[in-house]
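Order of writing sets the labels: A, B and C. Residues in every chain begin at 1.
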Amino acid sequence: MHMADALVSPAVAGTMYAVSAAAAAYSVKEIKLEDLDKKVPAMGVMGAFVFATQMINFTIPGTGSSGHLCGGMLLSAVLGPCAGFLTMIAILAIQSLLFADGGLLALGCNVWNMAFYGCFIGGFLIWRMVTGRKMTKGRIAAASVIGCIVGLQLGAFSVTVQTLISGITELPFAIFFGMMQPIHLAIGLVEGLITAAVLVFIYEARPEILYGYVKEDGAAKGRMSRKGTVLVLAVFTLLIGGVLSLFASGYPDGLEWSMEKVAGTTELAASGSVYQFAEKLQGITAVLPDYAFKSTDSAAGTSFSGIVGGIIVLAACFFVCMLIKKAKYSKEQ
Amino acid sequence: MSILEIEKLSFSYGNAHGKFQRNVLNDISLQVADSESVGLIGENGAGKSTFLKLLTGLLEIGDGMIRVAGLEMKKENLKDIRAETGYVFQDSDSQLFMSTVYEDVAFAPRNYGKKEEEVEAAAMSALKQVHMEEKKDRQIYRLSGGEKKLAAIATVLAVGAKLMLLDEPSVALDPKNRRNLIRILNELPGAKIIASHDLDFVYDTCERVILLSGGQIAAEGDAKKILTDRELLERHGLELPLSFSRGQY
Amino acid sequence: MSRISDAISELHKLDMEAEKPGWLQGIHPLPKLLITLFFLVLTVSYGKYNLAGLLEMGVYLIVLFVFGDISFKLLLKRMKVILALVCLMGIVNPFFDREIMFRLGGFAVTGGMISAVTLALKGIYAVSASYILIVTTSVEDICYALQKLRVPKVFVTVLMLVYRYIIVFLKETERMMDAYTLRAPGQRGLNYKVWGTFAGQLLLRSMDRAQTVYDSMLLRGYDGNYYLRCKKAAEYSDYVYAAAWSAVLLFLRVR
């Protein structure tokens, strides 16, 4: 689900960076209220743990394929959602830097799609809803599976929306959506089961490690304040609401907008208010001078000679560089 | 003068209600002189690690008194005491948490608020003492086990620790690195307490030995005298060091 | 577990490369990071049909590849999977966008084809630019640059620690996987019966290690602050590097 840089427009990348940074700033503030100095080494070590265990292939019985661990859910269950979120950002940043797994520019998107939903929705809201009153093996397993599925569904949906708003792919929304969601339903189920197995094991071996575990009666108490919960819920609702209404207004004819209509058109389906919205976003954030270049970016500006010109510039650049380098090299000899 | 004075120290693990309480150390009194090397031996679970952790304040003492460099073990004194003691963990990877050797060695002096020039001087002198100055910019994960151990020792030397506590320092070292470590430890001037199962190692680095058993000091005295006392060692679950037991298997 | 050992050897190689002497390695990490991001923003800002303009942005990559002595072959080898993926991102475009842009002999080049190539090129540029950054800049230096950008210390510290312990855990995981595979011949992954215990054991050990790391930090005067130092101070040439590239890239983009 890691998005590459080329999949996002500057406006989308900038917006998602801002949104993710806001969530990160909130997390930093929140964990500063907890025992921060003790938490930092745990975050570092657990981050490395998740990084490594995500490389283990867990064989899915009955099939030839394998699944992986859901990092956000696991980290939240052990470190708490805020610390888990920050740790996930660190993991994603390192994956992006060292292995080009997800682009640097798309990092904001990836943090949101994977870390935010995994830690706050799956690892906090759902975890708390399900295990809140009483922590049992069954509840932990249920929370893990539901949390992973919901987190991944939201993440996959975000990928679709971000790609379409960026105007990258010609793939119509319905097809893209229809491909992403079911695949991630299966992945979410598998990841959920693996994560459940690990967390249940922890619960049996050393339950006090689990975030929010209270020894006396086995009841869990999230250490996040009620205000925090409400805030997260509010942000979440707003986002989902916003995105959904955006699409609703983008396709006023609802379901009638569909495959046949799309198949007939040569233009990108996700047009209309989605683009207007993107443009508006751009106006608000005003970080990225995307549309300033519009004149050269229009389809009319595309010609064979232009492309040949570009190639010639590159080739010339390459030869000049090589010549300079050779000259310098022979001088040094 | 003694760098370390311990009087009637006791400690037990367990919760506040006194349930599952397990006495680990009982009525221990001990003094360690300024530049003395003391070996701490005993079978698994004898309380060696607990004892070392108490000396650094990582565990809170139950009864009794510990005084390090004249400072009594109390919360207020903790920072000063930790500047006088250096703890070398059994697992070097856990101890070395920075990415390069230099950064790790410089960590403590920086935390004690030294200026960057002083930090560098302290770090370089520490690295020199363990002969690691050439590997200062090396990534930690590219060091061998022996080098990691030396780097770990340098990290505590950089604070200027007068009392060094080493937990199983010879574990997982090959013979050459082990010999090297013995040589370097014997070169270091401060006091040392070396907790180890490796009685040969203790014999090569310590002049005095304390035998812990069942949470108490079972024997104490000259290293050679204790480490050659087969009957005493076997009574406490230990065996003669290999160098004294050749041909006796 | 070839995947894990591959990752370990990759990390080793990247580290060694970032340590190599060279002018690009010597540039202060902050301008290098910012210029990389600037390049990425400009690259993705090109319209989907503006292949001509996008091609010219490659000047940045060519200059750095040639003068920075960075092997393009090695990039292809290392990032082959990622590069293949980015090349395929626009694969469906020709099917949906059939508007003819121009004709080349008898062959009609459609908008979809152009946009697919543009997208692939963007992907290749982005991966290359990030690659150039990481083979010439160590992770600590990037952390230092982040600190300069006022990223909260907590986060920079966690990033450093994760990076420090990745290799330790990869090796531990590899050992455990080897031990498992040796006793479970013919299995390609981890059987579902041991999902929980295998990763759970590793997790418990990690928590213990976290405690030791914390103890070790405490004993060395840690009080919640973590200090990072850059190996070099910013110099005149660093400013020149930043200014020159900003100007060149901006010129290429708005011209």
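Operating definition for what follows: a contact is a pair of C-beta atoms (placed from the backbone, for glycine too) under 8 Å apart; a residue touches a chain by one contact, two chains touch by 3 or more.
Since the structure is predicted, the reported quantities are computational estimates derived from the model, not experimental observations.
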Taking each chain's centre as the mean of its Cα atoms, which chain lies farthest from subunit B?
A
Which chains, taken as a pair, are joined by the highest number of C-beta contacts?
A-C
Between subunit B and subunit C, what's the gap in Å when you average each chain's C-alpha atoms?
41
Can you compute the centre-to-centre distance for subunit A and subunit B, using the mean CA position of each chain? Integer Å is fine.
46
Computed distance of Cα centres, subunit C from subunit A, in Å
17
Which residue numbers or ranges of subunit B touch two or more of the other chains?
97
Contacts with two or more other chains occur in subunit A at residues 41, 44
Subunit C: positions in contact with at least two other chains:
139, 160-161, 163-165, 168, 209, 213, 217, 222-223
Residues of subunit C defined as touching subunit A within the complex
1, 3-4, 7, 10-11, 14, 36-37, 40-41, 43-56, 58-59, 62-63, 66-67, 79, 82, 85-86, 89-90, 92-93, 95-99, 101-102, 104, 109, 111-112, 114-115, 119-120, 122-123, 125-127, 130-131, 133-134, 139, 142, 152, 154-155, 157-166, 168-170, 172-173, 177, 187-192, 195-204, 206-207, 209-210, 213-214, 217, 222-224, 226, 253-254
Subunit A residues touching subunit C in their complex are 4-10, 13, 24-25, 28, 31-32, 36-38, 40-49, 51-53, 55-61, 64, 66, 69, 74, 78, 86-87, 89-91, 93-94, 96-101, 103-105, 167-172, 193-194, 197-198, 200-202, 205-206, 209, 266-268, 288-290, 292-294, 296-299, 301-304, 306-307, 309-311, 313-314, 317-318, 321-322, 324-325
Taking the complex as given, what residues does subunit B use to touch subunit C?
53, 56, 58, 79, 82-83, 85-87, 89, 91, 93-95, 97-100, 103, 106-108, 110-112, 116, 137, 139-142, 155-156, 159
Parts of subunit C lying in touch with subunit B, wherever the complex brings them together
12, 15, 19, 138-140, 160-161, 163-165, 167-168, 209, 212-213, 215-223, 225, 227-229
